[in-house]
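What follows is chain A paired twice: with chain B in the first complex and chain C in the second.
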Partner chain A sequence: MVQQTAFLSGYPILLDDMEMKDLPRAQLYAMNQASIRSSIPSEQPLMSEPAPISTLRAEYENGSSSFVAQIDDLVRQGFTSIIRTRGDGDCFYRSLAFAYIEQLIRAEEPELAVVTALSGLESQKEKLMKDAGFQEIVYDLPYGVFTDLIKRIISQSGDLLTSAGLLETFQDSEAPQYIVMYLRLLTSAQIRTAPEEFEEFIMHPDTGMKMTVTEFCENFVDPMGKEADHVQITALSRALQVRIHIAYLDGHSPDGKVKFVEFDQAPDSRSEPLLLLYRPGHYDIIDKNGV
Partner chain B sequence: MDARLRRVNKEIADCKNDKASNIKIDLVDSSPFHLKGSFPGPKDTPYEGGVFEVDIVVPESYPFQAVKMKFITKVYHPNISSASGAICLDILKDAWSPVLTLKSTLISLQSLLCSPEPNDPQDAEVAKHYMTSKKSFEETARYWTHIYAGGLGSKGKVDTKEAAKDEIAIAGLEQTHVTQFEGLGFERSKVIDVLRRMNYRGSNAANISDERIIDELLK
Partner chain C sequence: MASISARRLRKELNEINVEGCPAGIKLLSADNFDTWLFSIEVLGESLYQGEVFKLMFRFDANYPISAPAVQFVVDETRGAPIHPHIYSNGHICASILGTEWSPVLSVSAVCVTLQSMLASCKVKERPVDNDRYVRTAPDNPKKTRFQYDGDTV
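Right after this comes the complex of A and B.
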């Protein structure tokens, strides 16, 4: 274990009279993983093309069998693809925004879905932002970027937003940053305006110390690059009025099943949930319709 | 669409329309990304009566990354470099969030003047002065406000005796201490420099022997 850690830290020590075959299996695996990683460009795209879920399985085939069992369980449940996002601390918000817009694009009646979504966003903005103490100058621009993109789903003027166009937008433009910012503001506003519902669960994510709702939002919700946890996800499910179901791939399931954690704060529980995949410290999107 | 430009233009306009806050943001040249902010020193502090100017650079990735600010006006404060105007404040570093604006950041600087944090200093010498004698620190800070940030009006001619006194007050030292070592034949500017670095102030003066000071002066 010590050796493996030493290797992973980037300083392999191979004694002169040692050969590869003498290395412990764990270390060989670690070397293999490290070489896979080094062949991938260090800057992962903000959002990758959908990939078959078998590519996710391949990552773990030489490693943890309990991860593989859980991935097989996802396949059994009908999941076919994964859309990876960059692990920069914004991955939850970016994945959720993408899944949210993608769901509107795929809606049976996009016109109705978009109009409903826009009116919901509008009323939530009116309800939450000012009460949370945010200035219009801060939220109106990201709100505009988010809703302009959604309006393009039913655009009649040649800039119709398709799934491919959505992916392109999320790969290289400043729009996803503003959209992440808006979802952070919504999350923060929801927590700040209903502190009594959240404060019991709020603590410093590293130290476990109690914090006030305001301190928590200022330090772990508002700034870019701060990961989301249960409190943030619960708040965003409510503020955005969506159901969020997250498959927890943690390698700790005794029966090899994937546990879904369900955030159902939406008033209309018949709506389809947005589906994300969680691996410790990171969120991606999983899908039953892709590839 | 240049969203950064739109936001900054709105922020500048917003600040112009807000007469209540006393915070000003002006263009330095034709670029909206290089600005000059200013605000009055807070009441009941050594900075009262002064107007403090801040250089503002809006980075490419604003508002996702922090705006860059430093004082143009010289300020005597533990968290502000007395030489460069660099500021030690969390929101200008890793505690920045896009919720903050140019105006709210300038207001935070204004409140930084009310609440020095000598345990997390930007200027270690000033922080030492503050910890040794708050009263003496405040006198110096008030003097700096007076000569660098104050509306002193026209600068009349200053006689040499007056200018020398200024130099000592700027360093936050006492006239008698400086003349004592000057009397031993050392140059005044050297004496001031050494006494300032050694924090020869208040009760701390008793902890520093004359020999140590002379050693330093001879270096």
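Right after this comes the complex of A and C.
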């Protein structure tokens, strides 16, 4: 059953027949935001090669000493490298997908890890997608892209997926877009099918106004480029059955320690958490084994 | 192997062929994965009783990650619906076709949503900035940047 979707109307932003000074503030702000966003891709690849965490420290050495203290705390805890992702609003989902697949590649018994992951993904898809009201034509191709990549970890046919190959895939192919799309669908389906657990925490990220679960998912989960916050991360931790630990590098820690926010919605509480780094408005991957 | 975009469109087309379009919507042509044409009318009581419009979808290689370009066709035989969010050149100001597009939506879902936008219309009038916009509008409505802060539809 195809359903209609609520949407907003508005007006076009015209440049040709008016002076910049005549534009309302809201238009100027929107244009400025759009121009910032469109300028990012040229500077930052979708996903960078792993870099020593000292390169992150160097960014802050002439600035905030509290950031530097928190980075030193990460080093003390054994983190050695950072993989940066493009700040295009999809960085949480892309970082998480990468860390998820990388963990399977590094598993002591990759065969077992991959088979377990695939069966979990399959049963979560069956459990959540239809109940959430998503059409099969919407989710089956992105699901195929995601699981085909995972299957290559134990491939016998010469296209074995290594860590280097994973990075290459995330840097230069259409696959990560569809994997991000699938993780968004999973997140959305989890929230839509258990609304009573999420609605208390759901609000408009800019205005703080209450909104319904459906409005929230349609506006801030389903569309590409919309950043993830606590609600989305909690939902994805549960739907993907993984633990997600995020180091919050906010420069506000009085004792210079990094606070980890732990999303432990996985059924197996002993599984290795996926590790991300959060700086206000952006997610990257941090690692203890790299570089 | 065909691109993911072409595979998705083939599935959508297949579903339309097997299950038919939603009521009031007919597929006019889908000979390729670049441009599809539909006729669309509002069934039941509305301000558009007896009017049939033509809707054009244009897809790029990144569909459904990026939105299709959707507009009403304006030619010798028909015009765009007179509606506060539809410009006389056929361009539509609707957030789901711009910044709120989501790959969850399909061609059928867009058709149904636009049909309901027409069905719920209270006053037949053009957008206030119609003439100004149409004078300078690009051919492809996706090249227009809309500010979406109007009514929820």
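Keep this in mind: the second predicted complex is superposed on the first by the 248 of 291 C-alpha atoms of A that agree within 3 Å, B and C clash if a C-alpha of one lies under 4 Å from a C-alpha of the other, contacts with A are read in each partner's own complex, and residues count from 1 in each chain.
As a working rule, a residue touches a chain if its C-beta (ideal position, glycine included) is under 8 Å from a C-beta of that chain, and two chains touch if they have at least 3 such contacts.
Small disclaimer: the values here were computed from a predicted structure and weren't measured.
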item	value
A:Pro254 touches, of chain B and chain C: first, second, both or neither?	neither
Partner chain(s) touched by A:Phe134 [first = chain B, second = chain C, both, neither]	both
Contacts of A:Glu218 with chain B and chain C, given as first, second, both or neither	both
Dominant toucher of chain A (residue count), chain B or chain C	C
Which of chain B and chain C A:Tyr178 touches, first, second, both or neither	both
First (chain B), second (chain C), both or neither touched by A:Gly208	neither
Partner chain in contact with A:Val145 - chain B first, chain C second, else both or neither	both
Shared chain A surface residues [contacts with chain B and with chain C]	134-135, 137-138, 141-142, 145, 174, 177-178, 181, 185, 188, 218-219, 222-224
Complex contact set, residues of chain B against chain A	3, 6-7, 10-11, 14, 63-64, 95-99, 101
In the complex, chain C residues that touch chain A	3-4, 7-8, 11-12, 15, 22, 62, 64-66, 84-85, 91, 93-96, 99-106, 108-109, 112-113, 115-116, 127-129, 132-133, 135-137, 144-153
Residue ranges of chain A touching chain B (in the complex, touch as defined)	134-135, 137-138, 141-142, 145, 174, 177-178, 181, 184-185, 188, 218-219, 222-224
Interfacial residue positions of chain A with respect to chain C in the complex	2-14, 16-17, 26-27, 30-31, 34, 134-135, 137-138, 140-142, 145, 174, 177-178, 181, 185, 188, 218-219, 222-224
